[in-house]
Each structure stands twice: as structure tokens, then as C-alpha cells.
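Some notes on the structure that comes next.
Letters are used for the chains, namely A, B, C and D, taken in the order the chains are written, and counting of residues starts over at 1 for each.
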Amino acid sequence: MKVGIIGATGYTGGELLRILLKHRKVSEIVPSSRRLEGKRISSVHRSINLDMTFKSVKCASDCDFVFTATPNGVAMKIVPELLECGIKCVDLSADFRFKETSIYERVYGIKHLCPDIEAVYGIPEIRREEIRDSQLVANPGCYPTGAILLAFPIVDLFTTVIFDSKSGVSGAGAEPSKNTHFPEINESIRPYKVTLHRHLFEIRKELGDRKNIFFTPHMVPITRGILTTMHAILKNDVDAEDIRRKVERFYSDELFVRVSEDIPEVGAVRGSNMVHIGGFEKEGKRVVGFSAIDNLVKGASGQAIQNMNIMLGFYEGEGLTTHGTFP
Amino acid sequence: MKVGIIGATGYTGGELLRILLKHRKVSEIVPSSRRLEGKRISSVHRSINLDMTFKSVKCASDCDFVFTATPNGVAMKIVPELLECGIKCVDLSADFRFKETSIYERVYGIKHLCPDIEAVYGIPEIRREEIRDSQLVANPGCYPTGAILLAFPIVDLFTTVIFDSKSGVSGAGAEPSKNTHFPEINESIRPYKVTLHRHLFEIRKELGDRKNIFFTPHMVPITRGILTTMHAILKNDVDAEDIRRKVERFYSDELFVRVSEDIPEVGAVRGSNMVHIGGFEKEGKRVVGFSAIDNLVKGASGQAIQNMNIMLGFYEGEGLTTHGTFP
Amino acid sequence: MKVGIIGATGYTGGELLRILLKHRKVSEIVPSSRRLEGKRISSVHRSINLDMTFKSVKCASDCDFVFTATPNGVAMKIVPELLECGIKCVDLSADFRFKETSIYERVYGIKHLCPDIEAVYGIPEIRREEIRDSQLVANPGCYPTGAILLAFPIVDLFTTVIFDSKSGVSGAGAEPSKNTHFPEINESIRPYKVTLHRHLFEIRKELGDRKNIFFTPHMVPITRGILTTMHAILKNDVDAEDIRRKVERFYSDELFVRVSEDIPEVGAVRGSNMVHIGGFEKEGKRVVGFSAIDNLVKGASGQAIQNMNIMLGFYEGEGLTTHGTFP
Amino acid sequence: MKVGIIGATGYTGGELLRILLKHRKVSEIVPSSRRLEGKRISSVHRSINLDMTFKSVKCASDCDFVFTATPNGVAMKIVPELLECGIKCVDLSADFRFKETSIYERVYGIKHLCPDIEAVYGIPEIRREEIRDSQLVANPGCYPTGAILLAFPIVDLFTTVIFDSKSGVSGAGAEPSKNTHFPEINESIRPYKVTLHRHLFEIRKELGDRKNIFFTPHMVPITRGILTTMHAILKNDVDAEDIRRKVERFYSDELFVRVSEDIPEVGAVRGSNMVHIGGFEKEGKRVVGFSAIDNLVKGASGQAIQNMNIMLGFYEGEGLTTHGTFP
């Protein structure tokens, strides 16, 4: 198996590389970059002990499987050709997440170049069968992964669902900016795009296209991880314990979901592909519940490889069953 | 003016000291501690450059004004005597925050020893006149300060109000514990007491005793600061802009409240007595808004001194108008 | 292979568990604890997704190999019996690090109970052959690992060697204390035991028992990692480039040592068993050089497992070749 | 008193503003910026509660005193004219720190435009009298401030002095870059410019132009503060206690220097103009000692205002005697 990574210089590219290097079905990896072609990989991804350079993007067409980890608007220029060559792909950008490309165009402000190409929205715990049969998987956003997995089995119980999400700074990518400059975000907490963050539309779409789903993201001074707090208003009276059991049952066979009575915390999933769900409590008509993921693993590259494993008929946990590094 | 601090070894005690040392009406400070009597102050509060030791708690009875910064259940044993001596007090614990001591007894699990003593709940922006006339002020909790100031002027507009609060670790006090051990909370985010934290009852009491007010606190790896995110459901349609203006008008003459269109962030109030309120947006029936405070200043010792200034007829900002240290 | 961990509740115990769970030669792990026997492992090591409890310490005698991750003074009571049963051991405490137990007794203030038991000091890159033949390996301290690996190939070039080390807080263990309370160490840097830290004696012993070797540790607000800065004074003039080459040659066949012209940084080894060495520069007679390790992996549990692999004739990198998680 | 700040948008500009706003001799402040002229000050310095905009740089010529907080190479274009107008200045850049402009030109790679203008190197504890009489003070670099104050009274005792300095990220300024991107430096420690950092030449110059003084800086993930560790080799045998006393005596009348037996830590000086010096210990011929400063206050803007106070005959501590915010 020869696997290509297009756009291998960012944080999700680095995580793909880190995980694929320990994947027993992958014999060769081709990390490519337009910008850093020829540069040593270990000069960018300093924890990767590889004597290797970034390749030309063209090399990808020679691979058996390709991940596109490019900025929004780029994969749609690359993927059609790869699919035509019969290469299966997982795209980590937003380009193929919306069947209705009109939503994509409105939310991202980019004209879609291949509205006819079909992709499956790749949350395996919800769409495993579709993923298995697909040529192209659109890997979910990090916030949507945390929110959707938390609420999917129980969303029908509520009249209103509010996601208050707290993310580490690596979610903003590897490109420096004022907002991610250490002294600006360290010792601070910063809400942003407080009602209409792009990921809201992904979340709504997967949770039944409801108008009564809301989302507010915050940046907190940690590197990795998203904690999603769900505040929900019950339609009818249901016990918190019943809610937890319902979620537990839904994910009972899942390798990467741990549902428990414990309150999830971000530190416990660091570096792993796990989702921790729990902490369900009810007071009055309000139910609260939580999920924790590593935004770069289950929220991006880990889930992308989980999707690849499914698409190629491998063991779903291949390369991904390491435990988190806590502390 | 001779001012006593009973329980001067904790973080709020240290902040009282830090601020009072620059207060132009205070000529002498008597920091006392049962546990560390005789120990150098700078060995505990390492940023205080004072050649002075902790005094005996008895010395407080000799003061013109006393702050009690003791654990819950202690001030109620000390304050009655001080009041009898004609000494005005601000208590930073929860002992006098509830007129109905039955709520206090239920929430804190402590039998109240002096239910007849009257105290004013000390949020100056809301109860300034009562504070001016009182002998004893119950200084609000840190979370309630952030939540109440944010919602007070607009709470009637909503059918449901959910406070999702994120606090720095100093809010847990100076006593080490598993939860505040650096490797356990660093690089993590941890929700706790997710529906029935004690401060919920303070918040509800001040916001009209409504059942439809909810509160979930989270610990984040910063030292100081609380960001309060309010998610609220509108009764009738109102513009976010109108909501902001309403809040702005309410606080238009206030020294320590900055209401603006900017989204508050914790870093901007660090070390100051300011509350930043803003970021109001509406989407559908949901309104979101934010407040940021330094939990040790406006959320504790700064507000306590603001209350003292009012009680004694000083300029309300005396000692408190320093700007935050950002970055 | 059944492997026991005595004292499995601390951070090094957790790391042993995390790594051994992915070790292909280990079929069963027996994590034991006196204090937490019967308690769920995932309630302590929250990133370990195991439905298992801590066992009784007695169970260890049933294992093929045992790690003792107990406080200083405890392993010496346990190990003799295990050795008698023919069980090979790696001890992660200081109990067996000194052949001259008089040094141990003076430095640690503990009477040694079994001065006759021979152990090999377990830095594989230096003592691989001895480790292969030993029944008991004394796993090095975290600071000594960083310092010794950095200086060993070149120590003879210098008249004076000063190690200025900066460690993450997990090095202080899992037990809360004032010094590791988040608000006390966050946003600070704190030197401690500035001339006679216990690890000095380990470092001196391995580097030729010189008096001209000095060591000063600092605690910095990160969870994992030690950066060791070596300041050394040259006997005779040698180029920095020659020094680097000498170190590079010495470690040329090593799996876990990366010597390069790059300046090591702690983030790049996080979660991995790697040592990064480099940044050698000379100005006048002073040479500076650096090493970076993860104190819980190469500085403790990773190296312990590396030692086990050697002792049992396994591939030395088994379970240990994961790349660090950066960022 | 009308005080101008040229280059008021950076971190040192913000700190000048924060401190000057509480300075009782300053009636008007003119913060100017070429780049952000007309922009709200509170949009950049978010903790400054001022309804004011950045002014044109020209306005400075109208002031009684001017601080230049501009990049290296800029002040030398502005200051000559201000001096001609009779305006006293403190320059926070490196432009006037070297009497021998040839050193400046070599180290900074910038041709000096006014080699004849005389400035005093502004460490008040060492050059107070010269500062009092000067028209122009060159404010020291942050690292040199920590190193020089620590070693000045005792440098003659040593044959070799090595400064191993650890700095917070705000020392790199307000401009985002890869090195200061949160995920790159958080949870890491990174040495840089390990033998020939520009500040070495400032340190050497003030400490007697010795060749046997060395300096290695490290970036650590905190916002503010520099801890300087001095490793020094004694010429003749002297007790650590005698060394401490010598330093203590030297600074006995100083407002901003605290010498003690305690080991300095960065947290204790946060936000204050203090230098903590101490932790002197000797082992063999090696002496170790430490200083801690806030790089933005005593290491930059606080010291600049201390210099202004001296130049204008004000109380030296005016505006500067606030205690640090710990925790």
C-alpha cells in the first residue's frame, strides 16, 4: 500500500504521517507539498524521525490511496482527477462535506467546481456502511465531530440544543496569526464567531437540519483537544441515567467511543482517537452532557485514517489503538 | 484607617493585601492568620515586598474595618463580635450571602450560627445604596459576579438562561489537591459540579429566583479569570443590538464595567477590577453574550475593597483603577 | 509473557502500562498497588481504556518480569524475593543505582537493606552488554538520563561541565504539593536544590566521578520533558563541529538518539522514547550543547521497557518506536 | 507634563501606557503609531480602558518627554530632532546602547546615523548619577537587565561567568511568527542563538568587557518574566553567604531590588518593577545565583519610567511601586 498525503506540512498532515508510519498495511508514504517540496520533513514535523523530504504533489497520482489535507477550495481541484485514476480519497477540508453545494458556497464563499462528485460524510460511528462503499470520504470538521457524536443518539429528545465548545489552539492550524500568538491567547479564554461559525452548518446538517441547534466556539490556551458541552432542553421528562444508557447502547460496539458516568476531560484523550462521552445530568428541563476529543486525531487525522481503514476493508482500529498520553 | 484581614494566607487574602497597600486611605493593615501567625508574609505572598509577619487573629478587634477571608462556616463565628464592637466588615465567604439561611444550610451543609444578622449582597453596580448603609457586606462568589453582572439588566427578556462558565485554577484556592495538581489540569479542560454547583443558588437568588436559570462551571488551565458565556432563549423577538444598548445604558455610569461590541476575553481584565461585557449576538431565538472578570479581583478581593470604599464613603475606585496587565 | 508493575498508580506506572499495552511480546499485564488495590485503573490513568482494576502486590510473584515503580526505599524490600524466584526486574527508583550503597545512604538518608544485590545502571546506549546479562537493572533518574547521554562521549574534552536542566512538572510525581499546585508554578520558573540535587551524584558517577561536574535543576510550567543545557569549558581547543561529529559517531547505530545540527526542543520528543542531542556551539573556551527527552518515557518508563527488551532478547525498539506527538 | 510614546502599539508601548496612566506627574500621554494612527487604543491594548486613538508620530515633538519604543534602527532617525527641541528621551531600542557604534553596527547590521549623540546606559542601580544629568537614556535590553543586576557587584570574584537565561514569549514582541505560534512553543522549551545573541555584547560591555562572560537564552512557555541563572567559577574561595551579603549591601538602598536567601522565581515579580536576587550557593569552585524580573517592566517599560523619574527629578518609584500579581 502506497499512501499519498497532499498538503503534508500542516498539523493534520503531520498527524497523518505520525499515525501512518505505524500502520501495518501501509508500506510507503508520499508526503507532498507545493510550498515545501524538497525540504526535510523533520524540519517541519520535528517529532517525526524520518530522513525524507516533501515530494511534489504530482507524486500522489501514483498512490493507492490519497489524503488531501489542503486549505478549503483546493481539494476540489485535485480530487476529481484522482478519482478518475481509481484512487480512493479522504479529504480533510470542507470541500465535500455538503451534498448541497449551495450551502458550501454560501458558508465558505467559494464557488464549487465539481458539485456532481459524491462524497460520504465520514463519521464512521454513524455512516459506516456508506463509508465502506465510497470512493471519496469528506472528513468531518473537528467541532462537528465532538458535537455530533455527543448528541446524535439523543437529539430527538430535545426542543433546543446548544453546543458550547472549547478548543485548543492547534485547531487554528500551523499558520501564525495575531490570535494564536502565544502572549495573546496564553492565560486567556476567547470566544469567536459566536453564532455563525462555519461548523454550525455541518452540525445542523447531520443532526436533522434543525433550526433549534446552536453552537458557540471558544479558544482556550491548550494545544490539543476539544471539550463540547451540550446544554439541551427536554421535550418530555427523561432521566439523565436513561439518556446516558441510550448513548451507551448506541455506541456499545464502538472501538473509539467510551461512554461512562465520569465527566469527560480533554487531557484523557490527548494523542488518541478516542471520544469520551458522559457527565449527563438533568436539572429541571435542562440536560447537560459532554464529549472530549483530540481535535487533531479523532477530530481530523485519526478519523481520516479510521475512514481509510473502513474503505479498504482493513481492521478499523489499525494504527489507531494507542492510548492517550496522560498526563 | 487601620484595616484587618482575617484569613490573610489564601489567594483572596493576598489580593486584599496587594490592593490595600496602594490604597490612600489605609494607613495600617493587619493581616492575620491562625495557622501562619508569626510567619513572614513574603514567604507566602511572594510578590508582596513587605518585611512583616502574619498577626494573631485577635488583633483584628483593634481595627477600623475588617475583611474576613476565611473558609465557609468560620466568619459566622467571628463577625458578630466585630459588629458589636462597631467594626464594619466585608465577608468574602458564603456565610452571609443568603438572607434565607435555610438555603445556606442546605447548600453548604453547615448550621448557621447567627441567622438574625443582616448583610447586604455586595454587587455595587446593583445594590450600591444598600451597601452604603450597611455594617456588613456579603461579598459575592466569583462565578455569580460574572453571571449576575452579565444578565441582570436583561434577564426578563428570556425564558431560559444558561451560564456556561470557564474559570482559572486560582478559583479553587491555595490549597493543593489532585484536581489542581499541575499535570492533571494543564493541557486539559474539566467540567465539574455540572448542574448543582453551590454558586447556582446565589445566581438564581439575585436574578429573580427563577427556576429557568442554569449554570455549568469548567476549570481551564489558566491561573486567573472567569469567562461567562450566557446562552439565552428569547421570550419575544429583540435585536442583539438592542440588548447590548440596554446593558450599556444600565452600566453607563459605572467605573468598572465596560460594555462594548467587542467579544470579551479573559486576558484583557487580568489583575484589574474590570468586568468586560459584550459579544451579544442573536441567531433564531437564541442570544449569546459574554462577561470576563479576574476571579481574584472583581470576583473577590477587588470587589470587596470596592464595597469597603462605598461603606466608608471613599471614592469608589480608590486603589482599584489600575489597568489590567495584558499580555 | 506476563509482566507485573508494582506501584502502578503513579505517572511512571501509568506510562509503563500505556506502552506495555501495545507491546507485542507481552500477553498479560498485572498492575498492582497497595493503596488502590481493587480500584478501576481508568479512574487513575484516565487515558487508559481498560476495564481492569489494580491488583494485589502479591500477584507480581507470579509474573515473568517485574517493574518496580515504588518510592525510594521500597523496592529494596521487594526485589530480593523476586530475584530469588528467578524473576528479572527493572527498578525505576533510586534503590539500586549506586554500587557503593554508602553514597545511596548518604544522599537518600535511607539504610540500604540489600547492599550485596548487584544491579546494572540501565542506560542502554552506554551499558547494553551488561544489561543483556543482568537480572536486575536500576533504571536511571530522569535528569541523569538527559545529562549523561548528552555528555558521555565528550566529557573528557572539558575541565568543567555545568548542567542547567529545565524539567516539566510531571517529574515531581502524581502526589499534589504546594510546589506543583497549578497557580504556584504556572507562569513561573523555579530553580530548586540548586547545587546538591540527588541526581547530581548519579550524573557524576556515570561521567567518571569527577568533581568538576555541576548540576542545577529548574521547574518550568510544562507537563512533560527535560531540556538539559550543557555549559562546558574546553581543555584544549576543539571545534564545535568536531564535537557534534564525535557525539554523532558514538550514537550512530542507536535507535533512540538523534544527533543533529538542529537545536533540540522539548516539544519534539513529547510522548516518545527519543533523545534529541545537538545545538553544539563554541565561543571562546565555552562549549554549549543540548539534549531533550520526555522525562516520563526516555527519562523513566520508556527506558525501563527498552531495558526489559534487552534483558529478554527482544527487539530493542519493541513498543517504543512511536513518534512524538507534536504539536 | 505631557509625555509622548513613539511606537505605542507593541508590548513595551502598552506597558508604558499602562504605567504612565497611573503616574501622578503625567497629565497627558500621547501614544503615537505610524501603522495604527487613528485606531482605538483599546483594540490593541485590550486591558487599557481608554477612549482614545493612536496619534500621529509628529505629535511627539509637542511633548515634554518622549519614549521611543520603535524597532532597532528607527529611534536614531527620530531622537536627534527631539533632543534639538530640548525634549529629553528614553529610547527602548538598542540604537543608543553602545558608545562604540562600531559594535552596534556589527551586532545589529545597521549603519548608525548619529554616532556623536551621547546616551547613558540606563540601569539606575548602577548609573543613577549619569542618568540624572542626561538628555537621552538608552534603556537596557531585557536579558542584560537580569544578568547585569545579578552579577555586577560580584563579577570580579570569578574567572568565568555563564548566564543561562529563560524568558517568557512576550520578549519576542507582539508580531506573530512561527516560533511564537502557540502550539509551537506551548509545552516546549527552546534554546536559541545559543552563543552569540545580541544581548551578550550589552552584558559584556557593562560587566567590564570580559571575554569570560557567556550567555545562552531559552524561550519557555510563559508570557512574562526572565529567570537568569548565573553559573560562575570562583577565582579564590569565598563563601556563598559572603557573596549574598556583598550583593545585599550593594543594593541596600534600592527600591526595586530584593536580595534574600530565598531562591527567586519568576511568578513573584509578575507585573512589577522588582528584581529578586538570591539563591546563592557554592559547591566546589562553582557558585550559582539567580535573578528574576518581569521582562516587560523592569526589563523594559518600568525601567524606562524609572529612568524618566530620575531624569526629571521625580520620586524614583513614582508609578512603579505596585506589587506583583501573584498568583
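What we mean here is this: contacts are C-beta pairs under 8 Å (C-beta built on N, C-alpha and C of every residue); 3 or more make two chains touch, one makes a residue touch a chain.
Everything numeric in this text was worked out from a predicted model, so none of it was measured.
When the C-beta pairs in contact are tallied for B-C and for B-D, the bigger tally goes to B-D.
Greatest Cα centroid separation from chain C: this falls to B. Distance from the chain A centre to the chain B centre is 39 Å, each centre being the mean of its Cα atoms.
With centres taken as mean Cα positions, chain C sits 45 Å from chain B. As a whole-number value, the distance joining the C-alpha centres of chain B and chain D reads 35 Å. Taken residue by residue, chain B touches two or more other chains at 11, 168, 170, 183, 185-187, 221-224, 265, 267-268, 270, 327, whereas all remaining positions touch fewer. Residues of chain B touching chain D in their complex: 11, 14, 18, 21-22, 43, 45-49, 170, 187, 223-224, 258, 262, 265, 267-272, 274, 321-327. Residues 11, 168-170, 174-178, 180-183, 185-187, 221-223 of chain C are the ones touching chain B in the complex. Only residues 160, 162, 164, 166, 183-192, 194-196, 211-212, 214, 216, 218, 220-225, 227, 229, 231, 233, 263-268, 270, 279, 281-284, 286, 288, 290, 292, 327 of chain A touch chain B when the two sit together in their complex.
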